[in-house]
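After this come two complexes, each holding chain A, first together with chain B and then together with chain C.
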Partner chain A sequence: MFFHIVLERNMQLHPRHFGPHLRDKLVSKLIKDVEGTCSGRHGFVVAITGVEDIGKGLIREGTGYVTFPVKYQCVVFRPFKGEILEAVVTMVNKMGFFAEAGPVQIFVSNHLIPDDMEFQSGDVPNYTTSDGSVKIQKESEVRLKIIGTRVDATEIFCIGTIKDDFLGVINDPGAAV
Partner chain B sequence: MDRVPNGRHKVSANRPVVVLSDTDSDSDSEGFVEELTPVHSKSNGKASSASLKTGGKASSFSKGEASNGKAYSSVKGGKGSSSHAVPTRSDAELKLELDIPPNSRMLMNCEAAELLQEIHEHMAILSEDPKIKIPESFDKAFQYAKDGNHFTTASSVKQALEPLKKCGVSDGEICMIANVGPETVEEVYALVPSLKANRSATEGSVTEVLAALANIKAAK
Partner chain C sequence: MSGEEEENAAELKIGEEFLKAKCLMNCEVAIILEHKYEQIQQHSSESDPSSQVSQVFEKSLQYVKRFSRYKNPDAVRQVRETLSRYGLAEFELCTLGNLCPDTSGEATALVPSLKSGGRFVGDAGDEKIEKMLNDLSLIKKFE
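This part shows the complex of A and B:
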């Protein structure tokens, strides 16, 4: 789920960047440092949409760097337990399949795939129903529910299920039209 | 096959400030909050919509919601609280527990797509500078928001979802409905189980909202 949130960060700037373009330097550094990062609390910082305020700089003793408190708005993406997402399958194996929803990776274990779907190995590994009517393979679009999340320094990883009502394949790229 | 429609959802607009520490990145790491819910063997069929395919028969909406035993844990993500032992609650008692910082504004996928589109246009100019690198997560999130946007405009979706706010449906639940884009009332209550507690009061509004969303669905 996307959020628009105001965050604050202390940015350190070397004195060589001081001058008439100090603010621009700070904003550039902020974008470089923050965009694309992931935190446990806020999820992926997708993009900074604006800078609300830059506070007064404070010189750090011993280094000469100056710390500026910067208040900025950004769009973040964070999955939650219980959330329903549409994801694209990226890999299928006998343990389950991996899917991506935006920057988030989701794994769906074979235990959380309907019992009537079985793994078929081969050139294009997939899960297929006994009658072949429904298939999950790479590039398939599936609707799943997040049942667990884990965050590390740079990414969020989720566990999902398609075993509940109204979950499953939305669009199968291999299906005949 | 038509896609199962995705809904959007609207959000309040509060904007408080969350102060990060001055470390460069949060280093929160949480254990897996893995919740292997009981087997929903009666609900394998899903697919009340012809476009939603899963194995097995089309779902008759399982009325025995309590027996689904969807043991949502109230363990909050982001707080390293994986060690909490939380008693399971019935679906009706569970609200979508968004552990979001206070004063965040939730964005529907269509809102996010519009916002990121503007940023993308700016980035197209910035990307001419070889020193500026556009993060991969931006492209992925932007593509996800665009792909999940099945409605004409964000403002029309907000307007269509207004009746739900009046019924006391939470912003998180509205967001879920909007992003998922359910086609039937049963689908709404299946995917957002926390609404079941107040179904009698909300069902009329849900029906109205679904009809409105169907009218503004973008042609694909």
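This part shows the complex of A and C:
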């Protein structure tokens, strides 16, 4: 789920950047340092939308660097256990399939795929129902529920299920419209 | 596994920080990210803005563009206004706006927290949910 939140960060700036464009340099450094990163608490920082406040700079002892506390608004993506969302299938194998929802990867194990769907290997590996009416393959859009999250150093990884009611394929790229 | 053992979006247990935060639907995020992308395009001397944005940004932009139910900014605003009239939490509002369930049964399956808190109790509650979903589908029809 996407959120718009205010975060705070201490930015260090070298004296060479001091001058009339100090604020701009601080903001571009903030964007470069923070956009695209991920934390367990806030999820992925997708984009910074604005800077709310830049506090007074404190010169650090021993070096000439100055630390500024910066408050900024940003869009983050944070997946939650129990959340239901839509994702695109990126890879299918006999253990299950991988799907992507924005920056987050979700794995759905074959144990959490309805029993009437079976794995078919081949050029385009897929899961299909016995009557062939529903198929999950690469680029299929599925609605899934997140049942667990794991936080790495640089990303969040989720596991999901499509076994509950109202979950499963939304759109089959192979089907005639 | 993450240390948040009690975390459960189905019961709106997402932590106080996120409960109080502003939640965004995919269509709203699409408007924000597309605007930012255009800004970078205008300000950048290089012709390719995608080299200046992170992979997280690109993936998120592709995702929200693909999974936006409403493309028109006025429609997006109307969706938020309509859903706000039903006393929903931000997280519930955005989940409904993103998934657009057809029936009250589907809505309560996708957002189980709707049934708690005494807001949509019994048959009257189901009717209220159906009306809410109807209002949503009207916006889509006249988008």
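What we mean here is this: the second predicted complex is superposed on the first by the 177 of 177 C-alpha atoms of A that agree within 3 Å, B and C clash if a C-alpha of one lies under 4 Å from a C-alpha of the other, contacts with A are read in each partner's own complex, and residues count from 1 in each chain.
By our rule, contacts are C-beta pairs under 8 Å (C-beta built on N, C-alpha and C of every residue); 3 or more make two chains touch, one makes a residue touch a chain.
Here the structure is a predicted model, which means the values were calculated and not measured.
Three-chain overlay on chain A, with chain B and chain C in a clash.
Once the two complexes are laid over each other on the shared chain, residue contacts for A:22 go to neither chain B nor chain C. Legend: residue contacts after superposition of the two complexes on their common chain; A:148 is shown touching both chain B and chain C.
Contacts of A:161 after superposition on the shared chain: chain B is touched, whereas chain C is not. In the superposed model, A:46 makes contact with both chain B and chain C. In the superposed pair of complexes, A:54 makes contact with neither chain B nor chain C. When both complexes are overlaid on chain A, the residue A:4 reaches chain B and chain C alike. A simple residue count on chain A separates chain B from chain C, and the partner touching more is B. In the superposed pair of complexes, A:91 makes contact with neither chain B nor chain C.
Of the two partner chains placed around the shared chain by superposition, chain B and chain C are both touched by A:75.
Of the two partner chains, both chain B and chain C are touched by A:100.
Under the contact criterion defined above, the residues of chain A that touch both chain B in one complex and chain C in the other are 1-5, 35-38, 40, 44-47, 49, 75, 77-78, 80-86, 100-103, 141, 143, 148-151, 164-166.
On the chain A side of its complex with chain C, the touching residues are 1-5, 35-38, 40, 44-47, 49, 75, 77-78, 80-86, 88, 100-103, 141, 143, 146, 148-151, 164-166.
Residues of chain B that touch chain A in their complex: 1, 3-4, 6, 15-20, 22, 24-37, 39-41, 43-49, 51-56, 59, 61-62, 68, 70, 72-73, 75, 77-78, 80, 94, 96-101, 103-109, 111-112, 115-116, 119, 135-138, 140-145, 147-148, 175-176, 179-180, 182, 187, 190-191.
By the touch criterion given at the top, residues 1-2, 4, 7-11, 13-14, 17-18, 21-26, 28-29, 32-33, 36, 53-57, 59-60, 63-64, 66-67, 91, 94-95, 98-99, 101, 106, 109-111 of chain C touch chain A in their complex. By the touch criterion stated above, chain A contacts chain B in their complex at residues 1-10, 33, 35-42, 44-47, 49, 67, 71, 73, 75, 77-78, 80-86, 100-103, 111-117, 129-130, 133-134, 141, 143, 145, 147-153, 159, 161-172, 175.
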